[in-house]
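The structure under discussion is supplied below as structure tokens; questions concerning it will follow.
Letters A, B, C and D mark the chains as written, and numbering starts fresh at 1 in each.
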Amino acid sequence: MASTIRVRAVSSGEVTEVQALIQHPMDSGYVKDSHGKIIPPHYIQQLTFEHSGKNVLVANWGPAVSKDPYIKFSFKGAKKGDDLKISWVDNKGQTDSTTAKIH
Amino acid sequence: MRSLLLISGLLLAASTPARAAASQADFNAAYAAAAAAEKQAGTLQDQWTTTEADLKAAKQAAAAGNYDKAVAAAKEAEALAKASIAQATSEKTRWKDAEIR
Amino acid sequence: MRAQLTTRLGSATLALAALALGAFAFVAHAATPNEKIDPAADAKAFRDYFVTKFPKVKLDDFVNGPYSMNADMRKQWEAIEQFPPYDFALDEGKAMLSKPFKNGKTYADCFANGGIGIRQNYPYFDEKEGKVVTLELAINRCREANGEAPLKYTKDKMAALTAYMAYTSRGKLMDIKIPNDPRALAAYENGKRYFYTRRGQLNFSCASCHVQNPGRHIRAETLAPALGILNAMPIYRSKWGALGTISRRFTSCNKQVRGVPLKPQSEDYRDLEYYLSYVSNGLPISGPSSRP
Amino acid sequence: MTTDNGFWATRRLVLQGAGLVALAGFGNIAFEAAPAQAAVSDKYPAKAFTLKGDDTAIKALYGKTVEVSDKVSLDAPEIAENGAVVPISATTTLPNVTSISFMVSENPNALAAYYRIPEGTMPEVANRLKMAKTTKVTAIVEAGGKLYSATKEVKVTIGGCGG
């Protein structure tokens, strides 16, 4: 199965800018389906970005983060060609992870 | 414009509630008239969702034995369908007036 | 009972009001019968109308719909397009294009250049058949010719595939041809008729919203200009939380004016697509795109 | 999985004026360990995400009070084009930032996202949030152990809670 995580990590020398998009329904638990039944909550709770063994960002999310969530941030200390590991876990315990090269 | 006035007359007639309780026969007649008009609107590619909703409501009310409600909904559906026919008929030539030239 | 009747009467009255409004909305200039159909002149007038109405909008920017005329919305859109939610669908469409059918053939066998960079040539008029063929229709015909079940026209796989095909055509200019065939001209004219014809209980035509009022709001939505509107298809609408095709957009437009939509890829819809694409000739393909 | 560069280059044709877009190819790796080999401070603050109203959420999340600061910059649209997807970002000139969070006052649960910012990570984050209706949105920056905030109102005409 294709990864649920898409990453663009670009180094401009000192700073690496990271953008990620994750395929996830992010169901809030407040929305009804077409039959009027509540769609149970299903959302990513934690998303972690790790560079050379150290977390560079930990995102804690509630159900108010949009479907197919997006995040952008920047950090120092990485160079082109380095690995960036991204992983998430949702409220049902499902997970995914990927490793991206910094460009 | 003449047809529009005609429709408004029909509409008012349709909206006057029946004094006596409606029967299944009343419903059948009203529904058949509405369905025929809606079919004609269909051939003109101009049915309205509101007409469809009224037809459905009419059927449901009739199935539940509420013929007053069923007849009223069918009559409204007929009025709406006729309005859509009038619209489609007048638009057959009138659309040209809106065209950018 | 009384109350219910009054409510329903309300909606009927609305219908009448809408009709009456329609009747007085225009100073009629009488249509000359048997007018010559001149698509090139139409297209020029169409483009001139928008360029004159929106002098600040660059021609190529019309394909960006409401974002060409609202700075606050444009900023949100650009933020979303930095990493758009349809990104996953593009991958899916790309994979679909090259994945063999059961008989070993692929979509690439049905389309010029393997289906890459050809979006701007659709729809086209098929002189053998005497009808307009849209990209969505061509995709399903390709499937059926190769023993595959057709895709649903409105979303999901069809949207993903057309998204990828549009994506590989970005920046190419819409290039719709009307062959010297009276049937092609008739299809074009029928599409134009559909575009300008008022319908639905709200008595709106496509043009009521997308010619007369682009940039303005209807309920909560900002209306897109008709010029280049299909160049951005398919679109990911936040409202849908998914990609939708041209078929889906036509269908939802009809419903919004309280009209019963036609079947996807019915002849009127195809002709409409033919007309709207033709008058947007020369504007770049920008699809897929995100919209509210 | 790879993506070719021409792909993104074409996109730029249409996206004039958008920020620098570049791409990273990346490989899939099988997922093995549980994702949260996280430090204690990286524990998911489950309770704070269930509360109604900014104040209760802030209390549960931080246990301290917030002061408004012009050194916190919150970027939010005046009118959300669709409440389901509202681009929101925050940045600050304050030093020693350890976290940034976003509160959407009118949502059923005010806390939307809470980012732990380790040393070496810039105090700047952009994300997309849902908003049920017109609401105040607040960015809270934790810097040097204190809380600073900036608030904006976002008008929502198409709500982000379905329908």
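In this section, a residue touches a chain if its C-beta (ideal position, glycine included) is under 8 Å from a C-beta of that chain, and two chains touch if they have at least 3 such contacts.
This structure is a prediction, so every number in the text was calculated from the model and none was measured.
Asks: As a quick test, compute the distance in whole Å between the mean CA positions of chain A and chain C.
Replies: 34
Asks: From the mean C-alpha coordinate of chain B to that of chain D, what's the distance rounded to whole Å?
Replies: One centre to the other, that is 52 Å.
Asks: Can you work out the whole-Å distance between the CA centroids of chain A and chain D?
Replies: Each chain's C-alpha centroid was found; their separation is 12 Å.
Asks: Which whole number of Å gives the spacing of the CA centres of chain C and chain D?
Replies: Chain centroid spacing, chain C to chain D, equals 35 Å.
Asks: Of all residues in chain C, which are in touch with two or more distinct other chains?
Replies: Where chain C meets two or more other chains at a single residue, that happens at 80, 82, 85, 91, 241.
Asks: Mark out which residues of chain D touch at least two other chains, giving numbers and ranges.
Replies: 1, 21, 84-86, 89, 126, 128
Asks: Can you list every residue of chain B that touches 2 or more other chains, as numbers and ranges?
Replies: none
Asks: Pick one for the touching-chains graph, please: line, ring, star, complete, other.
Replies: other
Asks: Of all possible chain pairs, which ones touch?
Replies: A-C, A-D, B-C, C-D
Asks: So in the complex, which bits of chain D are touching chain C?
Replies: 1, 7, 10-11, 13-15, 17-19, 21, 77-82, 84-87, 89, 126, 128, 157-158
Asks: Over in the complex, which chain C residues touch chain B? Could you list them?
Replies: 1-2, 4-5, 8-9, 11-13, 15-16, 19-20, 22-23, 26-29, 31, 42, 45-46, 49, 192-193, 196-201, 203, 205, 207-208, 211, 255, 258-260, 262, 268
Asks: Show which residues of chain C lie in contact with chain D when the two form their complex.
Replies: Going through chain C, the ones touching chain D are 63-64, 72-73, 75-82, 85, 91, 167-168, 170-171, 219-222, 237-239, 241, 284, 286, 289, 292.
Asks: Touching chain A in the complex: which residues of chain C?
Replies: It comes out as residues 80, 82-83, 85, 87-88, 91-92, 241.
Asks: For a test of understanding, state which residues of chain B touch chain C in their complex under the given definition.
Replies: Contact set of chain B toward chain C: 1, 4, 7-8, 11, 14-15, 17, 42, 45-50, 52, 54, 68-69, 72-73, 76, 79-80, 83-84, 86-88, 90-91, 93-101.
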